[in-house]
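Following this line, the structures themselves.
Same chain, two partners: chain A is paired with chain B first, then with chain C.
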Partner chain A sequence: MLLKTVFVRLLTTAITLFGVAIVVFVLVRVAPGNPIAMMLPPGATEKDIAALNAVYGFDKSLAEQFIIWLGGVLHGDFGTSITLRQPVAELVLGRLPATLELSSIALLLAVALGGCVAVIGARKRGTGTEVGLDLTSGAVLSVPDFLWGLIFVLVFGVLWPVLSISGRVDPRIDIDFTTNFYIFEGLLRGRLDVVGSTLSHMLMPAMSLALPLAAMIAQLLKQNLKEALTQDYTTLARVRGFSETAVILREALRNAALPTLALVGVQFTFLIGGTVIVERLFAFEGLGNMAIDAVINRDLPLIQGIVLLFAALFTVINLLVDLSYTFLNPRLRHG
Partner chain B sequence: MTMTTAHAHTLDIINLNIALPRGQRLLRNVSLQLEPGEVRALVGESGAGKSMIGKAVLGILPHRIKRTEGEILLEGAHLNAMTPATRRSTVAKMSALIPQDPLTALNPVRKIGPQITDPLTRIHGWSHQRALARARELLDRVHIRAPDRVMHSYPHELSGGMRQRILIAAAFAPSPRLIVADEPTTALDVTVQKQILRLIRELQRETGTAVLFVTHDMGVVAKISQKVTVLFAGRVIEDAATRTVFENPAHPYTQALIAATPTPNVSAEPFQPVPAALITELHRETLAADALYAQRGRR
Partner chain C sequence: MTAKTQLTRRGFIGASAALTALIATGAPVLAQSADSLTIAYNIPVQSWDPTTGPAAVNPALQSIYLAVFDRFIDQAPDLSFGPGLLTEWGFNDDKTKITMTVREGVKWHNGDDFTPEDVVWSLTRAANPATGNPMQFVWSKIGNFSVEGNVITGDVFSFEPALFKWMAFLTAFVLPKKYYEEVGSDGFEKAPIGTGPYMVDAYEQGAYVRLKAFADYWGGAPEFDTVTIKFVTDAASRVAEIESGNVDVTSNMPYEEYDRLIAKDGLSGVAVPITDIGMIFLNDIDVMLDKNVRLAAHHAIDKQLIIDRLLRGYGVALSTLEVPGYAAYDDSIVVEYDPEKSKELLAASGYSTDNPVTFTIQTTRGFKPKDYEMIQAIVGMWRKVGINAEIEVYEIAKHYELRASDTLAPAAFYNWGNSIGDPSTSTGFSMFGPSPHAVWDSPDLVEKIGPLFVEPDEDKRIQGYKDVSRYIAEEGYVIPILQYVMPIVYASTVNVVPYTSGDLLPQAMTKA
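On to the complex of A and B.
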């Protein structure tokens, strides 16, 4: 049952990615801006342009170019970056860990923060505390992630400079890791200096990404908790002597988490989308920052590689959300 | 904290009034007692307040509904004089609830076993082994065939009748002095109703637990209770031994309720609805009582 689900999802994922590949391939080529023109000095002749076009294969028809590129992709060759002159796969996979760590930490922060606020709100339902929390989360929700980034830079980078506002890690630290997962590998190797520096650099961008999602989780989870707290099984738990907090945590939370999870999955993909601007803001060396450079430089192979990777990431996350949904809800487990 | 007298009723409700925020009363000067080992049926039509009495005792009134007057004593202890936390643990240790709808009273995402044993270990302070043994014993007693397999199941894997038997087992597990059974057969189909009723009666006799049995079914009243309290619009209309009520009902409303109960005896007269004139009279009385109550409150 579960295996079949996974298989079907992998198949639809492949189809989705193929569609994304076509769209992005065509789009970057019909959009104004030409990478070749940007590479040549002013005053280059038509002949110069045509010659360089031929070097990169841009003289061929769109369909031909696509087939050549797709053939490479199927062999794991995503082409070569025009500006950085390195294999796209290498560049993109080198940056992926930074973005994965950033968005995972942001997700953790959002769930922890939003979860706590939701539980407190449900515990204090019907009081001024609940109203206060509702108003606060409403306000937090209405400020987008990049604006939070700017606010943080202003407060903790300029007015009260306690946190570093750029980069992923202190450049003075010598890092000889095999992967680019600084937090993960740092923990495994016991290099707490790397972990600490990475986390302190990550705090502001992660908080910027986490706050809107945290507010959303706080509101939705609280609503679902309040719903669960009117159910008979919670009443029975109260009769059996459990305190209201125990009833919320032990009886209501897992039931309320189910509908919340569906939203978190969707919103997490938006959060990853948000890394593009937020990484730029904090000069964080991740995929998003690279994506902006690639777009500015019209680095077509690199744009394609990054977009494809983002698309793959989104589908994997959706799959994980669906699987965890099955795991959390016993009624779905036996199908 | 407790004011235990030489002979304490298991439950003693004295002049209880509960009301909505704007003052509309749902229970009107209700008094009733429950002796140890006694089954008292609370009957009345929908909205008569019979469930409210159980909820008031257990401390699970909807939060807008408040007690405005009166006392509730459990084993001689004044519940209303306690702090909320003390009241909660006192009620939990002395009483239990068999809920109306077994389909919604079990947590859908938790296994059956912990839902029975958790209160025993966490509230009653039993060891895990003891709680588990007790759960097994009680599940066996309510005719659950494979207690261990059932304890590892989720509610959706079991039938409604099985779930109600599990809830009965869970209610009797900590050996409470009082059980509130809130229409425990209403949500079940007729064949299962009989079994459940028999099971509650048997367990009640074996354990000597007092039961406050909320129902609207006079047939059930006859089968299970020794005493009856008949309610109309939150007022006690009649309070007597079950036998007396059936043989010689004092109040015309009780007579009408009994007459309105269908019997399997085909040769008997077709059942009669409660006469409209009687209902009108009862409403008039209720309004008059409310007016008097309000007047007294103003003075």
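On to the complex of A and C.
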């Protein structure tokens, strides 16, 4: 059953990505803004323009360009970036670890913060504390991530400068890692200077991304916990002498967490999307920051590569969430 | 149960403390070493080949290229030209040949000797369309080089009066022939070398470049041993970086922030007019074919008021596309702010505030300081005299596409840079119809500007451009608005030399 689900989902993922490839390819070419026009010298003649078009392959028909590009993609060649003059695959895969680490840390922070607030809210249900937490969650949720970023920059970057404002790591540190997963590889290699510097740079952008999601998790999980706390099995636990906190953590949380997991899965993809603006604000060299530059410069091969990778990420994350949901939910697992 | 809970709490507190300590090790170090300098720059390096691709013609990237590479000819802060890798240069009398003397005793960053062959190879490569040099149209005008000692001679295929000014401009960098041929373009991107004052020590694409002083630099080693240039594209973050003391120098922040920052202890600033102007292109279509409308639109704009109110006084009002310091600047050409005259001109064409002339004006939003707000103000001024303009916001890329295809709206706000100050690269190419960047394409201008592109008599050429500028102002073919001012903020421990070209050169920075 599970294998069949995986197979079907992988098949639909491939079809989705093919569709995304066509849409992206066509859209970036019909959208206003020609990369060649942006690099034309003042005295360029028609011949010069034709020569530049030929250099970048824009002299061919749209269909021809698509076939050439798709052929390359199927062989792992996503073309060469017009502005960065490097293979697109190398560029996007080089930036992916930064975005994945940032998103993962943000997700962990969101789950930890949201989870704690939900548990406290459920524990203090019906009191002023719950109302206060609800109000705070609502306020946090209403502030967009980039605004949180600006607030953090002001507070922890300028007024009390304890965290690094921009970049991903201190430029003075020499890093000769095999991968661009600075935290993961830094821990494996015992390079705590790299890990510390990366975390110092990552904390503000990660918190900016995490806070709205944390508020969402807090609200949903608390509601589910409150429902669970009215069920017979939690009453039984109380009768057995468990404290209210233990009832929540040991009995209610497991069942209440399932709908939250689905939310986290869906929101994680939005969180990755949110990195575009937040990475820009913090000059964090991830995929999102690169995407903005690519769009500004109309770097068509790079835009295509980034969008395709984002699409692949989203579909894979959705697939993993669905599978984990299936695995964790006994009714679906045995259905 | 209790013991277990306490242990977990203890563990949690311990883990938190360890994490805090770990993050603290990576916390920003406020005090910079005396021999190092950190600059927050507003655009990332896109490519390390300064002669090909879009990056090569991006004026904002030239500062970083100039730290690592040298141009054929050097340019001083006031736009004047001086010896660079070439110490002497010139045309022969009949402008059919050029002669260039190559500086001796120059080293590449890898220790190789710099030779005339490097210059010949760089010029030949730049002229080859296959390399993708965007300025190939300039470099292809010379060729057939021969070397004798340290003197290079070459044939002039097509006379270009500003050729040697171009040698201090976009893509005019000398690259190492031997090294480049050994490592190829990919290898060069990964490990670029030049003859410039700084060597690339570490580069993280999109994040930073760390430069080390080149002890053998022909112009003398720069003052700071290490320069780190962080690419911080967001202006608010650059402001925070300089305010927090994380960086020593930054630029291009909103003028409000500039005024606030330089008032703080420990920070200084300098704001000078640069070779970048804001202008309204007029397209020779629709109502713009009416001279009265064009001139009325120009006379109705109070440029100084816009500069004072919106840009806090940082800007220079312009009447032509030539600015003070450019070779063909003529301060006697003035288009006065005169709304009454605008009303008269419009009335002569049958327009009034009750029966306004209408057209679209395009503008960027947030690309240049207060660009959209300036256009809003201009539209407000126009409305008072009988012009009803509708604002359409476009992106940079769309502007270029529309400009190249000559499909801009009747009026379109954008900017124009000209770091060599030559009139051919300002009035010339922006108003000469066949150029892909010209918007006004009337044959009278083609007739007047065309001959100036090949005029061998320099005085005559410059006077010709002054005459054209006057003619353009009288005909109202374009509406120059202002010359931009670039704000630079720096720690009081550093001296910064501002360049009129807009360059921010680490080698020109010294300890205060």
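Keep in mind that, in the parts below, the second predicted complex is superposed on the first by the 335 of 335 C-alpha atoms of A that agree within 3 Å, B and C clash if a C-alpha of one lies under 4 Å from a C-alpha of the other, contacts with A are read in each partner's own complex, and residues count from 1 in each chain.
What we mean here is this: contacts are C-beta pairs under 8 Å (C-beta built on N, C-alpha and C of every residue); 3 or more make two chains touch, one makes a residue touch a chain.
Keep in mind it's a predicted model, so treat the numbers as computed, not measured.
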Touch test for A:20: chain B only (first), chain C only (second), both, or neither? neither
In the superposed arrangement, does A:213 touch chain B (first), chain C (second), both or neither? neither
Superposition-derived comparison: chain B or chain C, residues of chain A touched: C
Is A:298 touching the first partner chain B, the second partner chain C, both, or neither of them? second
Please indicate which partner A:251 is in contact with in the superposed arrangement: first for chain B, second for chain C, both, or neither. first
Figure out whether A:236 sits in contact with chain B (first) or chain C (second), or with both, or with neither. first
Just to be sure I read the superposition right, which of the two partners does A:126 touch: chain B = first, chain C = second, or both, or neither? first
Touch check for A:290: first (chain B), second (chain C), both, or neither? second
Set intersection of chain A contacts, chain C complex versus chain B complex: none
Once bound in the complex, which stretches of chain B touch chain A? 58-60, 63, 85, 88-89, 91-93, 95-97, 99-101, 104-110, 118-119, 122-123, 154, 156-157, 167
Residues of chain C defined as touching chain A within the complex: 19, 22-30, 38, 40, 44, 46-47, 49, 52-55, 57, 129-130, 132, 134-138, 170, 185-186, 189, 202, 204-208, 210, 228, 230-234, 236-237, 240-241, 243-246, 394-398, 400-405, 425, 428-430, 434-437
Listed in rising order, chain A residues that touch chain B in their complex are 126, 231-233, 235-243, 246, 250-251, 254-255, 258, 328-331, 334
Interface residues, chain A side, partner chain C - complex: 32-45, 48-49, 51-52, 55-56, 82-86, 91, 94-95, 150, 153-154, 157-158, 161-172, 174, 192-193, 195-201, 203, 280-283, 285, 289-290, 292-293, 296-298
